[in-house]
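Each remark here refers to the structure printed beneath this line.
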Amino acid sequence: MEQESLARSIAQHPLVAGMSDEHVDFLSGCVRNARLDEGQFLFREGQRADELYLIRSGKLALEIHDGARGTIVAETVGGGDALGWSTLFPPYRWELDARGVHFAHLFAIDGACLRAKLEADHDFGYAFTRRLLNEVHSRLQRARLQALDVYRARP
Amino acid sequence: MPASAARLPVVLAAADLDALVQALAGRGYRVLGPVARDGAIVIDDVRHAADLPIGLEDVQGPGRYRLERREHDAFFAFTVGPHSWKQTFHVPVERLFQIRRHKEGFSVLPDATPRLHVALLGARACEIHAIEIQDRILIHGEHPDPRYAARRGDVFVVAVNCMRAGNTCFCASMGTGPRAERGFDLALTELIESGAHRFLIEIGSDEGAAVAAELPVRPANPEEIGAAASVSERTAAAMGRRLDTSGLKERLQKNLEHPRWDDVATRCLACGNCTMVCPTCFCVEFEDTTDLSGETAERTKRWESCFTLGFSHVHGGSVRSSIKARYRQWLTHKLAGWHDQFGSSGCVGCGRCITWCPVGIDITEEAAAVGLPEKDG
Amino acid sequence: MTVSSAPDPMLPEPLRIARAKRETHGVFTFELDVSARGGFPFLPGQFNMLYPFGAGESAISISSDPHQPDRLEHTIRAVGAVTRAIERLGRGDVVGVRGPFGSAWPIREAEGRDLVVIAGGIGLAPLRPVVYHALRRREAFGKVALLYGTRTPDDILYRKEIERWRGRLDVEVEVTVDTAGSDWRGNTGVVTKLISRAAFDPGRAFAMICGPEIMMRFCARELERLGVSLDRIWITMERNMRCGTGLCGHCQFGPSFVCKDGPVYRYDRVQDLLLVREV
């Protein structure tokens, strides 16, 4: 019963919305609810990446710390975003820090469990990976635009 | 110049051409026309018919211009030179205003535009079309240029129908010549045959009729009218070049990435000569300066060319930094965008841009090549 | 034949600076005193040519409320010789003004629809009149969103005003910055991200975008991805505007003059030209 309601709420998340009930149910076996307080780190660069996150609400900063420049926020993410594809690929280590800016609710998807299911059912694997790819594509476009530093004054 | 019916053509003996110059001068016109100077036919004051380039012909080609004396005493056997009437109305340099600084801020003192009272002696059909085009832009647009309009206010036009085609011109294919159909007060066709040298004069306005009435003319006979028509026909047939304008606008606008632009860019020097000699190019630059005390400032307007790097400067650099982009801008504006902006082509087929291009780039050739499949090799 | 004495559009009109306000580093706002001339009517999106004595002219969009023609404001970024000369002026100084010139944001056409205003950097200034208008005539629109991206938190223009707008319940205001340190609690990331998260109906949305050309192209594609019809996306073009009247030729953009036919354009009419290099 609890699993069913979890599946229903996961299905609301933009990354999952539109997937078949069967696939959502299948995925929900790997999912737990999680929360993150303001100022708390969800993960730190270099640590083992063993969960993928779907953010339900709140705001997180993806940060990179550089000794000389201090902490740089690469992007903030919030409700509707997905986070943590390092959990899908070896060596399964985080490449930056994720810190809570506003209290956040998340779905945490267990990495090992998810990888096993992606392998076990390629239809599910395709549906899920495709959605993830779309997200990665948008993130890459945004990163490019950000790197262009378009608002800089050019005399 | 209201058109009125039944103004029959008249004939003036060539020996009496000076009577026309004096009649115009007598009406208070400053007579401007072709004179030979520094190896070219330029536009300057004409006080007597003898000031005209009698017996001279111009030999033109891409990047070439030479005057040659011939065994005739024709007044108008040449075509168009480096000058055009543009410099009379859309002047190359003019100060617009001075500004004086004072306690309350500053005051703007506009420069007055001297009133022109000029007669254009020897305007060709293509040039009359060019003046019409500039009028459309600078007088009849949304924001008229009051200085240009003032200069255009009081002008008497003596057209001359070309008796020769220049090697670089192509007015026949542009529908702008060689015969002047409108926009003149008087139109002359020079007739030289079997020892007789005379002008057939068509009358285009009431003032033209009044001027003609002061001249020692007689009514033209049908043979003379026919002879004048065949002068224009022969000239049209002898035209060295043509520009195929059908579908040209669309073809150019659809082919902004065609390899021909890269090709022409390897030849173009971006000198801007074509824009300076073009009778319709109207772009200008403004310069604001102050005197040494810093109390008086002024603004000057001068001809500018879209071939300069600074022309398209925006925050961060020039939009058109490559010569390819600048040539493409000029050509597509002239032959395509002009239709969108002003309802006609910006080209009258005078051929000046071909003749005065130091490397002989030919607008008719470039326009024809853009959009065509690339040749092998 | 005498020539009509139409006013010469090349003559600057001296106007006194009534108020000067620094917005951010290098960006400032001047309010000009137009009381003696009975106000300065303009349409949102139009610009003036500003002339600091003897130094040349610069095209600057009008950034004040179109419903208050007695207050004429320009927000200016000092990046070139002319704008730096303007920056050196202050309250009580006089600046020459010609205008208003150019096309306007289609605020009437947008009525009855969700209005999405997307600004990048100094591009907020030409859109501020649209925001004023939309807030005054709030009932004429569906949802209203202002999505604003800029470089860093220190570069946010009209900060107090944006905070006031954010306080209203009937307008969605989102701000994001390209770069920030960890002390910034707002959004970090590009403005396109805000578009997909904003609450508007793509099927009935009307978008107005102003910012650097690349940013506008990315935003227009994001709107297209969400299903906003391209003929309801409007952008502004920047070219070298010198005369303001289409007579000097410097601002040619394809078959149009940006100073006269623009600076506001319907996206679908220029999208092909935007992708040709060096037009």
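Note that the chains take the letters A, B and C in the order they are written out, and that residue 1 is the start of every chain.
Rule of thumb we're sticking to: contacts are C-beta pairs under 8 Å (C-beta built on N, C-alpha and C of every residue); 3 or more make two chains touch, one makes a residue touch a chain.
To keep track of the chains, here are their UniProt names: A = Cyclic nucleotide-binding domain-containing protein; B = Sulfite reductase subunit A; C = Ni/Fe hydrogenase subunit gamma.
Treat the numbers as computed from the prediction; the structure is a model and nothing was measured.
Asks: Looking at CA centres, what chain is most distant from subunit C?
Replies: B
Asks: What is the identifier of the chain with the smallest separation between its Cα mean and the overall Cα mean?
Replies: The most central chain, going by mean C-alpha position, is C.
Asks: I'd like to verify one number: the distance from the centre of subunit A to the centre of subunit C, where each centre is the average of its C-alpha atoms, in whole angstrom.
Replies: 36
Asks: Could you work out how far the Cα centre of subunit A sits from that of subunit B (Sulfite reductase subunit A), in whole Å?
Replies: Centre separation, subunit A to subunit B (Sulfite reductase subunit A): 68 Å.
Asks: Averaging only over C-alpha atoms, locate the centres of subunit B (Sulfite reductase subunit A) and subunit C and give their separation in whole Å.
Replies: Chain centres of subunit B (Sulfite reductase subunit A) and subunit C, defined by C-alpha means, are spaced 40 Å apart.
Asks: Among all residues of subunit A, which ones touch two or more of the remaining chains?
Replies: Residues 153-155 of subunit A touch two or more partner chains.
Asks: Considering subunit B (Sulfite reductase subunit A) alone, which of its residues make contact with at least two other chains?
Replies: Expected reply: 315.
Asks: For subunit C, write out the residues touching at least two other chains, lowest number first.
Replies: 79-80 - these are the residues of subunit C that touch more than one other chain.
Asks: Subunit C touches which residues of subunit B (Sulfite reductase subunit A) in the complex?
Replies: So the residues of subunit B (Sulfite reductase subunit A) touching subunit C come out as 96-97, 99, 101, 104-108, 110, 137-138, 141-147, 149-150, 153-154, 253, 256-257, 282-286, 288-290, 294, 297, 299, 301, 304, 306, 311-315, 319-322, 324-325, 329, 333, 336-337, 339-341.
Asks: Mind listing the subunit A positions that touch subunit B (Sulfite reductase subunit A) in their complex?
Replies: Going through subunit A, the ones touching subunit B (Sulfite reductase subunit A) are 153-155.
Asks: Name, in rising order, each residue of subunit B (Sulfite reductase subunit A) that touches subunit A in their complex.
Replies: The contact residues of subunit B (Sulfite reductase subunit A) facing subunit A are 315-317.
Asks: Where on subunit A does subunit C make contact in their complex?
Replies: Interface residues on the subunit A side: 59, 61, 63, 70-76, 78-80, 99, 101-102, 138, 141-142, 145-146, 148-155.
Asks: Give the list of subunit C residues in touch with subunit B (Sulfite reductase subunit A) in this complex.
Replies: Answer in residue numbers: 1-6, 8-14, 16, 51, 53-57, 79-80, 93-94, 96, 238-240, 242-243, 245-250, 252, 254-257, 260, 276-279.
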